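Each chain gets a letter, A, B, C and D, in the order it is written, and its residues are counted from 1.
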Amino acid sequence: MQIDLNADMGESFGMYTMGNDAEFMKYITSANVACGFHAGDSSVMKRTVGLAKEFGVQVGAHPGLPDLQGFGRREMNLTSDEIYCDVVYQVGALKAFVEAAGMKLHHVKPHGSLYGMAHRREDVASAICNAVRDIDPQLYLYIMKNGVVGRVAESMGVRVVYELYADLGYDAKGGLVITRVHEAHDPAGVAARVVGMVQDGKVEALDGTEIAIEGSSVCVHGDTPGAVEIVTAVRNGLEGAGFSLASPSY
Amino acid sequence: MQIDLNADMGESFGMYTMGNDAEFMKYITSANVACGFHAGDSSVMKRTVGLAKEFGVQVGAHPGLPDLQGFGRREMNLTSDEIYCDVVYQVGALKAFVEAAGMKLHHVKPHGSLYGMAHRREDVASAICNAVRDIDPQLYLYIMKNGVVGRVAESMGVRVVYELYADLGYDAKGGLVITRVHEAHDPAGVAARVVGMVQDGKVEALDGTEIAIEGSSVCVHGDTPGAVEIVTAVRNGLEGAGFSLASPSY
Amino acid sequence: MQIDLNADMGESFGMYTMGNDAEFMKYITSANVACGFHAGDSSVMKRTVGLAKEFGVQVGAHPGLPDLQGFGRREMNLTSDEIYCDVVYQVGALKAFVEAAGMKLHHVKPHGSLYGMAHRREDVASAICNAVRDIDPQLYLYIMKNGVVGRVAESMGVRVVYELYADLGYDAKGGLVITRVHEAHDPAGVAARVVGMVQDGKVEALDGTEIAIEGSSVCVHGDTPGAVEIVTAVRNGLEGAGFSLASPSY
Amino acid sequence: MQIDLNADMGESFGMYTMGNDAEFMKYITSANVACGFHAGDSSVMKRTVGLAKEFGVQVGAHPGLPDLQGFGRREMNLTSDEIYCDVVYQVGALKAFVEAAGMKLHHVKPHGSLYGMAHRREDVASAICNAVRDIDPQLYLYIMKNGVVGRVAESMGVRVVYELYADLGYDAKGGLVITRVHEAHDPAGVAARVVGMVQDGKVEALDGTEIAIEGSSVCVHGDTPGAVEIVTAVRNGLEGAGFSLASPSY
């Protein structure tokens, strides 16, 4: 009865601040740290890894498409080899900060459109899985159940953590509806939805259908309005339902 | 009587080709591979590491200032912490490609203005040395004798390889004269100059002064006109003078 | 019996050289100058406009997707408003260099994937046409016949120049087959094909079909192997067939 | 007895928001709009020009160094020609948005380190003045008195608006102390200081010296904490002292 709480961290860039990592880091167990392509820069990465260490949070790499202006949410038609290389590059860069801080890189989670492309396309899924395996076969890959990348990762022996989305909508096939700007949500409603997903393996899709869902990590976003209230409600909801919060061990 | 021959490699970017790495890699023993800030991109890095492996060349990271347009040759006023972070980021990215290829990262050599800044400024030198040590204390740092960074590296216990420049001019204090565009040179003249530097520890500065010089690696550039003729002449000159060509071992 | 010869110019970036503009500019009547998103930088733009002025070549803006690494040839899912803004930005930047040189901006030609997207998608076509009209209603828009953008431009009253491709293949519907790297061609064959397209309004598609084609400007690429030989052959072929070479007047 | 109130606007980028332009635009008479190098992007530029039009605010271009991560506040060693080209590029891009909105570009104000470099260096000052003159000799150039650029602009016949800084400190020679992050200030204190500068032509430098100062425009920053309170106090202070607020006319 253990569950992980992951969030995207380190999305500030230069003088631009996004989210409140110093606060949000207190509530999560795993951090997906941006690697400088869609968000983050080298200074933000160092600072974010330091924060994660301070709060005992496991650090994963959160590679994205090379498009800072679009925040990695504008799909780009890269070749499979370009995706492999962009993932190795970004994960390697973050891994260096993690190891310089005396920690071990815990996982990789693709960001935004890259995440969606991996869910749908075999070539993208293979590129990402190959990159993860070539860097360190012990790394977890955070993805969603029911997608192409899950099947590919399992067939390649890549260690997978399936995740549930606290604050994003699902379509009837279990796919995620990625929006450019995350919307506000009611904390209690989000918490109840999360507990339902984790306990019953079910969630209501955006079209009203009830769909099966499965995961051992819950993703909460730190850049939504009321993010701290939401993550607090989710934590309390999960603990109240008997779950202990922890990141998957190696 | 062993000497290393190093060159900057992997400086192409996207559709833009610079140098002829596939040819030049045959003549050197250590490659300094650009890491995507001043030159190179993730696909070029993978390809360049593959070439180095094919020809048995040791691979080092060649981090530069974040300025692709200026090729890292326009000085930028970064803070010491920004330089630390930019070096960790770039070296980490390249290290991932090297390890994915089953090799071990051999060294770090700062590029262009970053190299010059490290030679002159204590804060820059410390930032780079700290980055190298935090990533892997076994890494060599390729720099020039007679600069601030040499003193800092030695005091910190960072392993140093001092290098000599086959095709760039020195000022009277032993400093390098970095130009935006490298000029053409006479192969035989370059080779004789290199052998003189290595054997006698002396070279003529641009102002005609004879200066003392010391190093166990010779840097040759692959993007000068006639680069292959020059490196061939240097190799032949050194071997004719009784030196064997090899990269420093771990 | 007048025909225009256009080519993409100003595609170098920083230390990276692409094509031989100083030579190729002698053979063309209209230059499509890259604007810094997919290729070119501000210094290259100034130099290229200067070259065009020297050789009496009309200057057009050649805006592309914001992806230097992909050279604007990797499709990106931008919104219509983002495309409008990216086109206004790039065309405005180039227009300033043209006017600073005492000339008048002649046309706009979308580059690479942006060109292909305009050919197929109504929203992209409208965004580009709106941008051109808002900047200067006298500007020509260089595009291909048979696409969405032609219909949109004509309905909006944007002045259109239809172009033929000397050195790229067509599919059976008259669409262009955009490749990442342009291939080498036989000069005489290219010239004969161009004269055929211009005189007879027909060309053989890649699948062997004969398709109808129409245009008053011929596009030749300067970054293919043998580009100067090809453009010389095309010029000679057209002049031999009785055409005079000139850019469309205002 | 007329005074201008200018502020840097349009400094958001992609998903990153900086300042509250929709609110701040109500209080100023001239907007310096970022042009995509140190801040801003094409979509932000369009939106910001639209806001300025809505509130009757004159629009100037605010070109900066090509360094988004450093927000144009990290000095870079560009050549004079590179600066000329980067200014023409950025001003041209913004000018297109201004003209597409049916307005006329009002002025140019260099940003951050570029502003400081122009204040101190003849080559940088000349490059900027040449760019402004080549684009449109009617453009105002917003700068500080007592610097190199003022002398150069006046000798070249470039129209100058000297400005005073409401919320930044001066050194004993009248130079501005540029900080990476702007600090908070007391609105009443800032207002009194501004009125003093405008009425008496004097201000206290950071070292306690009283220095002579002169200007017909007051710059207030919108990204400081309490920026709206400060600009309101400054407006009220100036109007209370008998000044009417307006942008310099053509």
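Everything below uses one rule, namely that a contact is a pair of C-beta atoms (placed from the backbone, for glycine too) under 8 Å apart; a residue touches a chain by one contact, two chains touch by 3 or more.
Worth saying up front: this structure is predicted, and the values here are computed from it rather than measured.
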Equivalent interface positions on chain C and chain D, same or different at half: same
Distance from the mean Cα position of chain D to that of chain C, given in whole angstrom: 38
Between chain A and chain C, centroid-to-centroid distance (C-alpha), Å: 42
Interface hub residues of chain C, defined as touching at least two other chains: 41, 69-70
Contact graph of the chains (line, ring, star, complete, other): complete
Chain D contact footprint on chain C (complex, rising order): 36, 41-43, 45-46, 81-82, 84-86, 88-97, 99-100, 131, 134-135
Of chain D, residues touching chain A in the complex: 13-18, 39, 41, 68-71, 180-181
Residue ranges of chain B in contact with chain D within the complex: 66-67, 69-70, 74-78, 113
